[in-house]
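Take a look at this one; I'll ask things after.
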C-alpha cells in the first residue's frame, strides 16, 4: 500500500465506521461486542456516472442509463445485501463453512461487478484520442500501440455473445503490462492494477448493437477517456 | 502505479527485453517488425523458495519440495509455453477470436498460479507471531484480530476437499481490507492487493495431512511470516 | 443407452462417417490410419428453427433470428472448428496436455451451447398451455405445479443481467426431477436429462426487453411448447 | 425418459416421499400445505463402496476410505444440508433471487460431486480387462480403442495438480460417444450419459502418488470394472 492509498484507506475506514454507526443502530458497539468495522459492516454507495448519459458518441443514453441503473447499481445493492447476510451467517455457529463460502462467492462476484463497472464508466466519456506519451508507454510493452489495440479488440471480439471483461492491467508481481481475458465478474488476474476496462457483458451493447459486438468495440474506442487511463498508468 | 512500481516496471521491462533479445534469436527486431516486448515475449524464471524446504514447522520438506517443483515451477513452464503459443496464434490470421481466448484463459490461470504461489511461499517461513501494531491494523478493519482470523480459517475450511485460495487483500477501489474466497487460480477480486495468501489446493496438504484440511490450516498459521505480511500492508 | 438411442447412435455415427468421408478428402482412410470416426471427425449441421421466427408471442422475429443465427449457429461453427483443432493438436506430439485441455474446454462449452440452444428452441413455439397430466407429473416432484413454476422463475430472475440457463431436468442417478441453475454453457448437473430449458443469456432478451428479465420470463412461459416437454418427460 | 427409468423414477419418488414423511415430522402435509416431495425434501443416503476398500490394485485402502468418507460422504451431507436451506430460503419472501441462486449453485456442485463419485466408485473394482465387443464399440467412435484411451489419459494428465473429472460420455442430443474434460463437480456436457468416469481431484491420488498424476491414471486403468462400463454403454 502506498502512503496515498494508506491515507485514503484510513479515511475510507473512518467514513465507513461513521456510516455503519449511523445507519445501523442495531450494531452500536457495546462493551462485549466488536466495534463496527469496514470488512463486515461496510455499505457501498453507488458512484454517479462521471459523464452525462447522453454524452457518448454512438452509445445511447438509454443503454448507458440502463447499464448504470440495472447492472451497476443492482450490483451495489446485491453486494450490500450479501455483506449483511455474511455477518448474520458468521455469527451463527450452525453455518457450515461450505455455505458460508457460498455467500463469500457472491461477495466476490458482486465486488468484481461494482469495482469493474466503476472503472469502466470512469474510462469512458473521453474523445478517444491518445497522447504520444501514452502510445509510447503502451508500445514499450506491446511492441507497437497497434499491436496492443489489435489484441485488446480480438479478446473483446471473442467474448461476443457471452459475458466477461477485457482489461489492460499492470501485473504488480510480474511487473508486466498485459491484456487479460476475464470470463465474468469473479475472474481476474491476481495482484493486478486495471488500467483500461471494457465491459463485454451483453448488457453493455445488445440494446444498441444487437449481436454486433465489433460495432460496440468500435464505439467503445471512440469514447475512451485516455486521460483517466494515463493517470492509472 | 506508484513511482516505485513505475521504476520497477521500467527495470523489469528492460530486463525482459534483454532476456527476450538474448534467448530468442529469431525475434531480432528488424525494420518492419515490432521490437521484442514484455507482453508477448516475456519468459518468467521460477523464484527460489525464500526459506529452506525443511525449515517449516509441521509441513514436511517432501511436500514443500513437491509443491514448489511440480505445482509452482510447472505453472511457470506452462505460462511460458502459453505465451509462445499466443504469439503464434496472434500472427496467424486464421485464428478465430474464440480460440485465441482459449489461450488467453490458460494465460490468466497460469498467471494466477505463478503469482499466488510466489506470494504464498513468501508469506511462509516465519514464526507465526504477530506484532501488536499489525494486530491493531487488522482489528481496525475486522473489529478484532480474532474476528479476522476466524473468518480467514472458516473460508479455508470450506475449501477443503477441492481447490482454491484464501486471500486477505486490500481492495484499492473500495479501500477495504477484506478476506476473499477464490475458487481457483483464475478467480480473484478485481483491483486488489494480496496481503496474506493461503493455498487450499489439495497439493498444499494432502501429502502430509490427507483430507484433514483443518490441521493444515493450523500448520499454516504456525509458519506465517508476519514481517512479509506487514510489509505488504 | 436404451435400444432406441442405441439405434439412433449407430445411424448418427454412420451419417457422420459419411459426412466426414465426403467432406474431408484429406482424411481418407488408408491402411495405417484410423477410419474417420465420430468423436474426432464429426461436423455438426445447424438445426433449422422448429417454428417460424415471427410466430412467437411477445418475442420479436428480429431477436429470434439473431439468436438463431449469431448465437446458436455461431456456436455450431465454433464447435466444428474446435474439433478440427483438437484433431490437429492430438496428432502433434509437442502439444502439452494442459494446452490440449484448453481446446477440450472450448469443445465442452460449445457443445453445451449447441445442445442447450437446440433444446431451447424446440421447447418454444407452443401455446403455453399445460395438460392436467403434465401438471400432475410435475406436482409429484414439487408438491404443486405452482411451486415448480415459482422456483423455476426465481432462478431465472436471479440470472438476470448475466448469463446462464435454467433447466428442469431429470437426474438419472438420483431419480429426481429438479430445477437447476447453470452459470454458463459449460455448467450442468451430471447425468441429467434436460426436460425444459430456458436461456438466460442476455442475448435471449435484451433486444426486446432491455434489462427487464422478468418480462422475458413471462414471454417465455407464454410460448412454451408443452407437448415437447411432455415427450421429454 | 425411457419406460425403465420412468418406473424407477416413480418408485424412487415414492420412496423419497416415504422417507420425507417419516423423517421430517415438521413437514406433515396439512390442508393448505404442499405434500412432501422429492425436489425440495429429498435426503440422499450414501451408497456403500461397491468393492472392498482394500481390494484395489495399487490404490491403497487408506486413500479409498478417505475418499469415500471425507469427499463422497461429505458431499452427501452437504447436499442434504443445502436442500434444507433451499426450502427455508424459498419460503422466505425476503430472499433475493441472487441469494437463492447462491444456494442453487451449491446444490448443483454437490449434486455433481455425489453423482460423479457414485459413478466413479462403481466403475472401479474390476480387473481392467476389456472385452473384444466393448473395444469394437469404442473403436467405432474413436477410430481405434487405443486412440480413445490415449485421449482419455491425456485429458487426465492435463488435469494433474488441480481438480476435475474425465468422462467418456454418450451425448444423447448429438448421438456422439466422446471424452469430456470437466473442470469441477459443476462442469458437465449437457444431456450426456456418463459411461466411464475418472476423478482427477487431487484427493483421488495425492495420498498414494503425490503429484505423480500419471501413475494414478495407470492404477485407475488397472482397476476399471469394464462390465459396469459395458452395461452403461
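Per-chain numbering from 1; labels A, B, C and D assigned in written order.
Criterion: a contact is a pair of C-beta atoms (placed from the backbone, for glycine too) under 8 Å apart; a residue touches a chain by one contact, two chains touch by 3 or more.
These numbers were taken from a predicted model, which means no experiment stands behind them.
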Of C-D and A-C, pair with higher C-beta contact tally: C-D
Per Cα centroids, the chain farthest from chain A: D
Interface residue overlap between copies chain A and chain D, same or different (over half shared): same
For chain A placed onto chain B, the superposition rotation in degrees, Cα atoms, nearest 5: 180
Mean-CA-position distance for chain D and chain C (Å): 21
Interchain centroid distance [CA atoms averaged], chain A/chain D, Å: 37
Centre distance in Å when chain A and chain C are each reduced to the mean of their C-alpha atoms: 32
Set of chain A residues in contact with two or more other chains: 96, 98-99, 105, 183
Residues on chain C engaged by chain D in the complex (per definition of touch): 1-2, 4-5, 8-9, 11-13, 16, 34-40, 42, 44, 90, 96-101, 104-105, 107-108, 111-112, 114-116, 118-119, 139-144, 147-148, 150-151, 154-155, 157-160, 170-183, 185-194, 232-233
Chain C - residues contacting chain A, complex: 62, 66, 69-71, 74, 161-163, 183-184, 201-203, 206-207, 210-211
Residues on chain D engaged by chain A in the complex (per definition of touch): 78, 81-82, 85, 96, 98-99, 102-103, 105-106
